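Here is the structure we will look at, set down as structure tokens.
We just call them A, B, C and D in the order they show up, numbering each chain from 1.
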Amino acid sequence: MIIITRASITDAELDAIRERIEQRGMRTHLSRGVERTIIGCIGDESLLAELPLRSMPGVEDVVPVLKPYKLASREFAAAPSVVRVGDDPSRPGRVAAFGGPAIAIIAGPCSVEGPDMLRETAEAVRDAGGVMLRGGAFKPRTSPYAFQGLGATALKMLADVRRTTGMPVVTEVMDPRQIDDVAEHADMLQVGARNMQNFSLLSELGRVKRPVLLKRGLSATIKELLMAAEYIMAQGNRDVVLCERGIRTFEVATRNTLDVAALDGFRELMRRLAPFAAAAGRSLGASADGARAGAAA
Amino acid sequence: MIIITRASITDAELDAIRERIEQRGMRTHLSRGVERTIIGCIGDESLLAELPLRSMPGVEDVVPVLKPYKLASREFAAAPSVVRVGDDPSRPGRVAAFGGPAIAIIAGPCSVEGPDMLRETAEAVRDAGGVMLRGGAFKPRTSPYAFQGLGATALKMLADVRRTTGMPVVTEVMDPRQIDDVAEHADMLQVGARNMQNFSLLSELGRVKRPVLLKRGLSATIKELLMAAEYIMAQGNRDVVLCERGIRTFEVATRNTLDVAALDGFRELMRRLAPFAAAAGRSLGASADGARAGAAA
Amino acid sequence: MIIITRASITDAELDAIRERIEQRGMRTHLSRGVERTIIGCIGDESLLAELPLRSMPGVEDVVPVLKPYKLASREFAAAPSVVRVGDDPSRPGRVAAFGGPAIAIIAGPCSVEGPDMLRETAEAVRDAGGVMLRGGAFKPRTSPYAFQGLGATALKMLADVRRTTGMPVVTEVMDPRQIDDVAEHADMLQVGARNMQNFSLLSELGRVKRPVLLKRGLSATIKELLMAAEYIMAQGNRDVVLCERGIRTFEVATRNTLDVAALDGFRELMRRLAPFAAAAGRSLGASADGARAGAAA
Amino acid sequence: MIIITRASITDAELDAIRERIEQRGMRTHLSRGVERTIIGCIGDESLLAELPLRSMPGVEDVVPVLKPYKLASREFAAAPSVVRVGDDPSRPGRVAAFGGPAIAIIAGPCSVEGPDMLRETAEAVRDAGGVMLRGGAFKPRTSPYAFQGLGATALKMLADVRRTTGMPVVTEVMDPRQIDDVAEHADMLQVGARNMQNFSLLSELGRVKRPVLLKRGLSATIKELLMAAEYIMAQGNRDVVLCERGIRTFEVATRNTLDVAALDGFRELMRRLAPFAAAAGRSLGASADGARAGAAA
């Protein structure tokens, strides 16, 4: 951590800052410039987490040096990892791999509406080269009066179509109390954009033995997305796939703006969660109707 | 609902659209302009919720006429309502009123850190004219490694300080499984910005007999905030107070941008949830340190 | 234009609105719904431009039906047009076409720094399949102390390299007083993102006999970009190429967010200015250094 | 300037970076942490402006220490300055002061529409305590087909009403070629939000002997606004008043979001241009009609 001081800082203020930091077990290092003095803090930055450094007299700015996402960071990892979905001996079927050389495509209906429609879609997705079926059982809807999904009934349909077609399935979980049931029926658990910072849900997903597809919140920075992944990984579940799905901007001609550069950002920053998928349907049009009509993810 | 057609629409396409709408039990009404034909849909708009109107051939745009938040809307209400917090005969103490002529101020520490600090703060808030104490027991933190609050221990401290000082208390709830415990100890339950569209949590709060303080999500539109309130109200709990706490914009000099016009927007749009409160601390500076140091909400 | 009235509108208010509209020479058409009355306005919408309809008693919302960009709209055009750059008999050389079936690539240095560097870059761009050379002579720089470009000297270097290599050249114009000079030396005139709504500049460019490359402002909506094109076209110059170059969002990990959906939006909305180009360099990284080092546009 | 290096940096890379910096006449200072090495650069930061530091091998991040707006910064100034408008011996009348203890209110019509309306408004503004009249002569309009203002005729009306009422007047200038004429008739020249980064216009205004009212661009950061002020000041004109007028965000319920915290940011950051004014009319409603109807700025 680096502390940039104001031009007007006094020696007493400078000493007070150093003393607070050194009390926490870190060393400090002064670098006096022409107009400013810089305080370098050497040691474990987390020791300073609770110190109100920015509000101390004489402080202009505080610049963290280390990334706060230790598990999600690629920094100290030799290679990007690959997340395998459906690789469960108790459940025969295909395995989908994210993060490897092949582009993995997930597709399926927004909501599961019935067994026939679901099976036909799964076969169409498989025949078109898709590696996984998605389908909503619990639907996060902006209005309490809109259709909320078929719930437990849809979970059973998803498990059935996996058995029939061999395609692994992913579906959204919205509530910690649904996790066990969803994990029993699906191969991968999806966290929707609105729940990206539902920390209770994330922590619980860290205790599950299934990979998680984590969608970026509609105004989440890449760093916040990685911190959300860190929540899951910190509890032991290292199989997280990040999903760029478009962010909210001032532009109203489209519902969301797909942040293509984020995909590159993920690659640069991620360690064990290297894989990603872009949910293009929502970002490429103002209407949700198109996404519902087709089989696009 | 009004449907604006493309200049190039054919009579067959026009008939097909009308037929789909009338099958749902609504009437249609044509208005032919110089270059466009407008279809007015008369009847209950919710009947059209599942129709993919925007993707039908010949459709240019679809304009809803009625507001989707029926309970939260002020439109058909005679007067703004007042939400009373702490008005529980089994718990003697003060009552805080939101939505009436007086400005109601909530203040208290970001996190509850101990009983003495909490009692002293409560007394200071009361003596300064505040009507309610806030204090975090469960803290939503961006990092899984940051202090997450004292949890159940803090809830007990909040209930104790209410008994001692008579000040009603509000604290955040992050998980449906915490609701009963929080409702037992606090007078009002707060939904944080990150959980504004945690629909499972909102629905459960609709079944609670305590008022809810609903904070605006950092990139939620006013309409989405009202829809979130509608989730709570649709389950029976009409005592919702909205809280503008700053939105996320491109500006990085401050953490959030307080949307002062939103307060006016709330007044214009709301019915039963007329009250509001602005959490200014977070919006007025780049650092959270200031908010933690003082007693500001 | 459609006027949606409030539920509480009186007959007198309704009559007053209709009277104001009909005085301007338009017809009105009532559509009474269960809770609302809709007023359709039939005729030339521009007649209503100066009427403060939104603030009239009883009005809830005003929805325009026709697009305000008549020349830029594709609506009444049979086919997208193609803009040809460098097609000037007095200047032998190659011709670059935008809007046709081939993807046209423009490349070159951010700033023209010298004749050798420019000629080598032009040859490299040409050999790599690029159709036009760009190079900055007048540079819009955020700081008044930064290098502002070589100005008139750079214009001459651009004209020289066109003669030598046959490659048409595009360069930015920042001031109406520079237009004649830039048009004499370059084949296409570029409007930078910061000047997208510099209406004096746009109007003057409408009188020039050279195509214009119009870059999207960093927080301009697609509609505003089309209105800026309309400014140029309304003065007689129909050869406008739109350029998506990334928009400003809350995300700070990258300098801009390339709005890929906008390219599709351009195609949908545009008429004579169908062509476009995406300046990817700026959108794909937080630093400008990369863009300066390479020959990428 | 501080350079944060990657964990993987080699000694050769470290030496190469230091060498490049020291060649420019600055000193460097190493601070080795547990996982990172920090390079402090001591001396005049502007010497490094053209170095592509971020793209050098081993560099993780570059943090500037000094503010790039030297004239606009308050940092080395003893007190905020006061800008006086109308203080011209050749023109008797009132003087408006910005930046002093009193709140200065500017008001007037969006567009000058006629002499009577203007004189009546000026008297109303004066009687209500306003210190300056505004009125648009040249209007920046999104559509080329909208009313563009009365131009030179309106300038004369503004000068006339100043003589009659003694109220200083401010009006917008959109083109460098209009500056002389506007400066002759008005007491203060306004730069509109769309032209905040029209650097040709800003530079010319730096040579004028009249104060400038600089409106914040709709997606300009506070830092960019200060850099725009720096453009004017660098040419010799130190009388710049900044105007917060609302920024563009995702929220569509209002046209702009007034960034109230920016006013505080101005105070913190500014030196000679301490004064400011907030154009509230545009930020507090979705419609421009209200602003046109009243006398609000």
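To be clear about the criterion, a residue touches a chain if its C-beta (ideal position, glycine included) is under 8 Å from a C-beta of that chain, and two chains touch if they have at least 3 such contacts.
Quantities reported herein were computed from a predicted structural model and do not represent experimental measurements.
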Starting from the defined contact criterion, work out which chains touch chain A and chain D both, please.
B, C
Field rot_deg for pair chain A/chain B, CA superposition, rounded to the nearest 5 degrees, holds 180
Name the chain whose C-alpha centroid is most distant from the C-alpha centroid of chain C.
B
Mind checking the centre-to-centre distance between chain C and chain D? Centres are C-alpha means, answer in whole Å.
25
For chain A and chain C, what's the span in angstrom between their mean Cα positions?
35
Give the residues of chain B that touch two or more other chains, as numbers and ranges in rising order.
219, 248-250, 252
Chain contact topology (line, ring, star, complete or other):
complete
Of all residues in chain D, those that touch chain C in their complex:
46, 49-50, 52-55, 68, 140-147, 174-177, 194-195, 197-200, 203, 218-219, 224, 227, 230-231, 234-235, 248, 286-287, 289-290, 292-293
Mind listing the chain C positions that touch chain B in their complex?
2, 4, 7, 29, 31-36, 38, 40, 42-44, 63, 65-66, 75-76, 219, 248-250, 252
Report the residues of chain D in contact with chain B in the complex, numbered from low to high.
219, 221-223, 247, 249-254, 257-262, 264-265, 283-285
